[in-house]
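Same chain, two partners: subunit A is paired with subunit B first, then with subunit C.
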Partner chain A sequence: MNLIQYLSTIGRLWNSYDGSSISRFISLSGSHISNRNLHVEDAENLVSRYVKSPLDDVINAHLRTLYYMHESPPNFSDAYKCQMACVQAVVKLLQELKEENWCLPIMYVTCMDLRLLALKCETLDQGAKRGHLMEKAAECLMSCFRICAGDSRTEVKDTKRIGMLHLVNQMFKVYFRINKLHLCKPLIRAIDSLSFKDQFPISQQITYKYFVGRKAMYDSDYKTSDEYLSFAFNHCPTKYWKNKRLILIYLVPVKMLLGHMPLKETMEKFKVPQFYELATALKQGNVRNFDEVMQKYEAFFIDTGIYIIVEKLKIIAYRNLFKKVYLILQTHQIDLQNFLNALQFVGEEDITMDETHCIVANLIAEGKLKGYISYQHNKLVVSKQTSPFPNLSAIAGN
Partner chain B sequence: MFADHYKMTENNYIIGTCKGFCPLKEIKLRKSTNLIHYYEKNGKLIKEFTRSAADRKMEQPENLRTFEALKNTLEYLINKIFVDREKPLNFRYDFIFDRCRAVRQEIVMQNFTSEKTVELLEPIVMFLSYSLYRLNSVPISLFDSKICQQHLHECLLKCLSCYEEIDEMNVGKYKMENRIIVEAIHLMLNINDFGTFQRAIKLNKAIKSTFVLGTAIKISINFHRRHFHKLLHDIQELPHLVGAIASLNLSQIRKEILRIFSIAYSNQVLKVPLEFIQRLLMYDEQLSLLKHLSDLNIHENSDEKETEIGINFNRKKFDNSKSIPNTQQHFVDNKLDDFHLPDLILMKTCVM
Partner chain C sequence: MDSDLSEAHEPKIPPLMGQNFGQKSNLFSQPPPNFTSTPSYPSYMNHIQQYASRMQLQQMSNAGGFFRPPNFNNQSPNSLFNKPIRFNINKQGTKVNPIMRQQQQQQHQNNNNSNNNMMNNSFMNNKPNQNMMNAFQNSNAKKRKNKKKNKNKNNNNNNSNYEDNGYNSNNISMQPPLPPPISFAKPPPPVPTQSSQGQSNQSQDFSSNQINNDTAKISDSISDNLSQTGEKPVMEWPESLYNYVARCYMKCTTPIDKDMCEISLKGKITMAANRGELFTKDWDKEPMPVLHSDRLQQQTSPQKPANNMFNKNKNVVAGQLAKYQQQSPSTSKRPSSFEDRFGKTSKKRRSSSSSRSRSNSPIKKRRSDEDDDYEDKYTNSIKPATKASKKKAKKEKQSAFYSKFGANQVGGFVDSADTERLKKRADRFNVKAKSSPTASSSFNKKRLTMPSYFNPVVDDSVDDSIDFMNLHIVGTCRDLEKSFLRLTKAPDASEVRPTDVLQYSLTNVQNKWKEKQDYYYACDQLKSIRQDLTVQGIRDEFTVKVYETHARIAMEKGDHEEFNQCQTQLKMLYNEIGGENQLEFLAYRVLYYIFTKNTLDMSSILKSLSVEERSSECIAHALKLRSVWALNNYSRFFQLYRKSPKMSGFIIDWFVERERKLALKNWIIKVYRPNISSEFIKETLAFSDLITCVEWLMSLGITFVNDDDKKIVDCKTSMNAVSAL
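Let's look at the complex of A and B:
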């Protein structure tokens, strides 16, 4: 294929409103990209002959991106700038094509490529400030998003609003990467208020629920997190094993916080033995063992961003330890000294009575332990009728 | 924010030539209009902060100060104005805050290197941290802690990105001990924020395993785990201004503990000794504890004899809609007393 064939094909596809075919020809993972005939720095004259406005600017920018990507060595920094110009041209295109949405695939592919190029630049270029190019890319995506979200008067079948979720997912990927989760909030609100939010393609819904579920986890809203991550996990096809595993890495600790311990087989199947080992320590109320598992897999917990969530699980170890003490003593007035001894026994060597009070008080306040503390007698008083340790999964407000 | 120009060289920006605290043009203007601040009556005018117009690149070099002049300005502000005993701190703060802001503006306008930026920003971080702690209970008409906090946050972020840039591009250097203090202040100021914690824990081992930052990270973890007893113990281990900023979280932590206690010790008859609560919640004065207990509707201090025996917690009485103010902490003040404050703020002393 030479340049003229390439351009005339695009011109023809444009005339037949074939957005998704065009998108294949301007994708940076398309089959055309290694074609040397297309690596032309400036083809504006030719482009204008075959491709109509407003698509011409998109194609110009795309060809320039290809040109810089195939310089030797590849000039990703300038390629990124051209891809940015490409998305800006798409913004104009979206603005001009009122009340129609067949052009959305063009937006999808250029936006995704912009994000990926930003990522590439940041991993390659030592000089680039971390997150800076990614953030710029997200700003660019945002201008597309504004146009889509603003297209509210057009009928549902033609509205650009159906492009919102794709963009939101792209922006989530950026915000999670650069640790600016607070920027997700308005996006979530925009999606949740759409009347047709359940009609987006299932793959987009899975990505969306995965990120919102993670966000809810960091906001300590575990019920929502469980709901969203479970949806993502259950709907993600088995052939995407890596993605399923990724979802699971966040779903499991949330489930554990809600009192559901993971099965050994599942954890082995997805190669996340970390959680099973944690669960074992928790079940035994073995605080020392819990700390050891934390230390052993510290890097994994930090890299995946669940370190603090997993740390929060420790209170379950205390709960199970105290339950053991209660079952041994079989009394309804337990001297806190017994808890202190147990804590020291499992390795909390420098623990004091004050701290024991605090741990017991925490469990009571969270509803994980039913009873009250008598400071004067240094005793925990629990009910005679019902079990003082309700099932973790049954605790309201968890 | 500032990063727009990071790829350009210093030469694309104007380099200041003014060697004094204030450009001549401003001196003339302010003298003729009699806009002289109380602290400038002795004749030493210091460049004011003015919102830059759209044509700020047109600024003349003689209206911008050299790096040395900016450093001297900061040193003068801290060594001469900050230590003044004639006027209250909030008055001194207003003046220094404004003049520091002008310094920060010039950092952007002249696009200083990361190395120089950090050198100028670190003392401003320390000054704002000190003010935020010391002026925390001053009424809002005299001191707006929100604005102070916001500016401190901006300075911190800028410092952190400069450290990273220096590391990544291997240009220039910074004092590691200063960075650790700045990192720890940032972490303690944003103890609620997950992203800040995530950032800290991903730092390299050499930084995060230092005593100061290691302790700050432990405190964050215990904050999220709601393991407040350990947290309160560790806070007292933090040095000077890191401890001061960490102590600003005490009011929310105390309230949370009292909420937990209102549930766990809830009983009509049984009492919890005041001394236990005071010790656990790190109150220096019993009086302020009693005041806060009454603020949260836990206990009315009507009968002193009763109070002496202890507090009746009742889960129904605790009022979650109320909040309690922060207090100055002896442990912080004692640590600050060990330093000559201007040296600490200017980081001219060993800060670790």
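Let's look at the complex of A and C:
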């Protein structure tokens, strides 16, 4: 395919309002990109002959991006700038095509490519300010988003608002990477207020729920997090094993905090044995083992950003340990010294009586233990009527 | 956060602290609250003290050379180069009236330099001329990146450049405007002392009344120049030349005309003298110099270019010859070219294209600002901004004129490449003269044939390729203290302090802080120091020191916002240049994230920490604290709080209140039945003494079993009080 064929194809597709076919021709992962005939720095004259405005600017920018990407060595930073121009041209295109949304696929691919290029540039250039290009890219996506969100008068079948979720997902990806989660909030609100939010393509919904679930996890809103991540995990097709695993990495700690321990088979299936080992330690109330597992998989937990969540599980280990003490002693007035001994037995050698008090107190405060401490007698008095250690899943969410 | 909170904070540092207050007068004093009997960060104290004493030493050793007495009191001849730090505690009061200062300055310079100035104004002065060329070459040849460095280099090497090259508006403005001569019955004779003066460079014996004589002045300055080159020490002018000069002056109608006229005459005559055609030339036929007022008229009715080809060839020859002329002016014999070049070509140039003139892009303005800086530095003029801008405006006007007339003739001595460069330099002053004639257009055939076409967009894009972020000014302000003011425009060099001053400023702030603990003052001063550093793009160990100092003071006073700004900067600075306190401040950042409950950034820190970093004292403590905080292990939390290393305690103070309330609510009141002793609360929540603890409990509405001694807290009845926390 030479340049003229390429351009005339696009021109024809444009005339037949075939947005998704056009999008394939301007995607940076399309089949045409390695075609050397298209690597022309400046083809404006040709482009303007075959492609009508406002698409011509998009194609120009796209060809220039291709040109820079195939320079040797590839000039990604200039390619990024051209892709930026490309998205800006798309913005214009969206503005001009009022009350139509067949062109949205063009926006999808250009926006995604922009984000990917920004990412590429940042991984290549260590010296640059981290997150700077990404943020710039997000600003660019925001200008698309505004146009889509503003298109509220058009009928539902033609509205550009149907493109919002894709953009939101792209921006989520940027914001999560540059640690600016607070910027997600207005986006979530915008999506939640849509009347047709359940009619978005399922793939976009899954991505959206995954990110919102993760955000809720960081906000310590475990119930919401569980709900969103479970939706994502359950709807994600089995063939996307990698994505399912990714969802699971965040879903499992949340579930554990809520008292649901993971199954060995599931963990093995998705190659996350870390959680099963953790769960075993928790079930046994083996604090030492828990610490060892934490130590062993520290890098994994830190890299995935769940270390701070996972370490909160320790209180469950304490709960199970104390429950065992209670079951052994079979009394409603437990000397706290017994707990201290148990803690020392499982490896917390330097623990003090005050700390033991504190741990018990935390369990009581979180509702995981029903009772009170008599400081004078140094005893824990537990409830006689109900089980002093209620099911974790029953008290979840406090 | 300001004084309100820090006062509310005081009760927590109760009587027990009294003993330590003595120590607290040392800059950063006692670490966390009370519990540590020995201050646990003496290293920092030493550091500050060492730094202070080092600075004092430096001050003493520099008494002669490094810091100098003010320029505006004419006490010593050195004063011209000496810059003191102005101790303007009360800025308004001690500041010298700018106008007076200017006057003093002028006087001073007049005294010292009045004769030199005569010479300096002349472009025929070969030595400055060369200097100037060097300066062009330097500034053009070097990459812009090195601009700053380059600047300094110029300053050092060519100290005289900016005073000598005639762009110095000080020199020009110093001279009282010369009254235009109405008529000359007969031009005055050459100065009799010429020949004797001519031998030395310092022909300084002008009397002031001679200055008023234009013709004499020109001949003087020219003979000076010639005498410098060792040529023709004796100058006699032919009658026709006198007449010509007189004619020229008669043509002048405005002061600007007169200035122009003077310079072009100097050019012509010196040129003629250098070529030995002073007497052979037919001065009666010499065209009049083009004056400002002529130009105004001609701009409205441009002339057609005459004899382009002819002139161009001539000019090329002249240009080539000029190379030799510069080396040995006397060898040249080209009687006719001079006339052509400076007579006809000047007309032709007007109409020929001036596409070379650059647009008035920001970078040019910037540069002329910089020149202002140089001037400030080397003429020691400390002037208020308004004055400076007025001066600048004037200078621009003049330089535009020089580029057309003065520089043109200077260009006669150099080859065309140099002229190009020269013209570029001239152009950048040449702000408004977008379509006015410029010097070198006649040298280039292409230029001549090109239509008079000017595309500012293209030119702008060329200039805009310079990275403005990398262009920094160098301050000239000598104030020790300066209040912070958010910049709303490009900073003025005269309001920015260079590093040597800032080092004193920092010591000063540190000392004042030790004495008075006036946070408002310290914050204000440190912010302005930080601003000066930022504006000048200084990022070195000193910058780190400034930010660390401010961070520490802000920590002590609980100013979260300033602390956050400082630690964000420090994070970047440590990445760039490192610093011995890097780990300590990393630990403070961990603590700060506990304060802000920023789990995401906390995760990134955890990700980035290496094993060695984790084992450092402060970080290990901070990480342990983070861990127990995450697990709500209040008991261990407050134990660690008592053992805070260095200044960690100050940051923990920010959220210790929050954690105490949580501990009281979720642990003590919630769990203990039927009651608990105040003593236990005091111990576990790390209160310094029982009274403070009881006061705190009472402020929360906790009920006691016995209201008289308040030793036992009634947990059950206190539940309501803590549930609101």
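In this text, the second predicted complex is superposed on the first by the 395 of 398 C-alpha atoms of A that agree within 3 Å, B and C clash if a C-alpha of one lies under 4 Å from a C-alpha of the other, contacts with A are read in each partner's own complex, and residues count from 1 in each chain.
Convention: contacts are C-beta pairs under 8 Å (C-beta built on N, C-alpha and C of every residue); 3 or more make two chains touch, one makes a residue touch a chain.
Everything numeric here is computed off the predicted structure, so don't read it as measured data.
Looking at the shared chain after the overlay, A:Phe345 reaches neither subunit B nor subunit C. In the superposition on chain A, A:Trp102 makes contact with neither subunit B nor subunit C.
Residue contacts after overlaying the shared chain place A:His132 against subunit B, while subunit C stays out of touching range. Once chain A of one complex is fitted onto chain A of the other, the partner contacts of A:Ala361 extend to both subunit B and subunit C. In the superposed model, A:Phe300 makes contact with neither subunit B nor subunit C.
In the superposed model, A:Tyr218 makes contact with both subunit B and subunit C. Of the two partner chains placed by the overlay, subunit B and subunit C both lie in contact with A:Ile373. Residues 179, 181, 218, 302, 305, 307-308, 311-312, 314-315, 354-355, 358-362, 364-365, 372-375 of subunit A are contacted both by subunit B in one complex and by subunit C in the other. Subunit A meets subunit C in the complex at residues 179, 181, 218, 302-303, 305, 307-308, 311-312, 314-315, 352, 354-355, 357-362, 364-365, 372-375, 381. Subunit B meets subunit A in the complex at residues 3, 6, 161, 164-165, 168-169, 194-195, 197-199, 201-202, 220-221, 224-230, 257, 259-261, 263-267, 270-273, 276, 279-280, 310.
By the touch rule above, subunit A contacts subunit B in their complex via residues 126-127, 129-130, 132, 179-182, 218, 302, 305, 307-308, 311-312, 314-315, 354-355, 358-362, 364-365, 372-376. Partner subunit A is touched in their complex by these residues of subunit C: 599-604, 606-607, 627, 630-636, 666-668, 670-674, 676-677, 680, 684.
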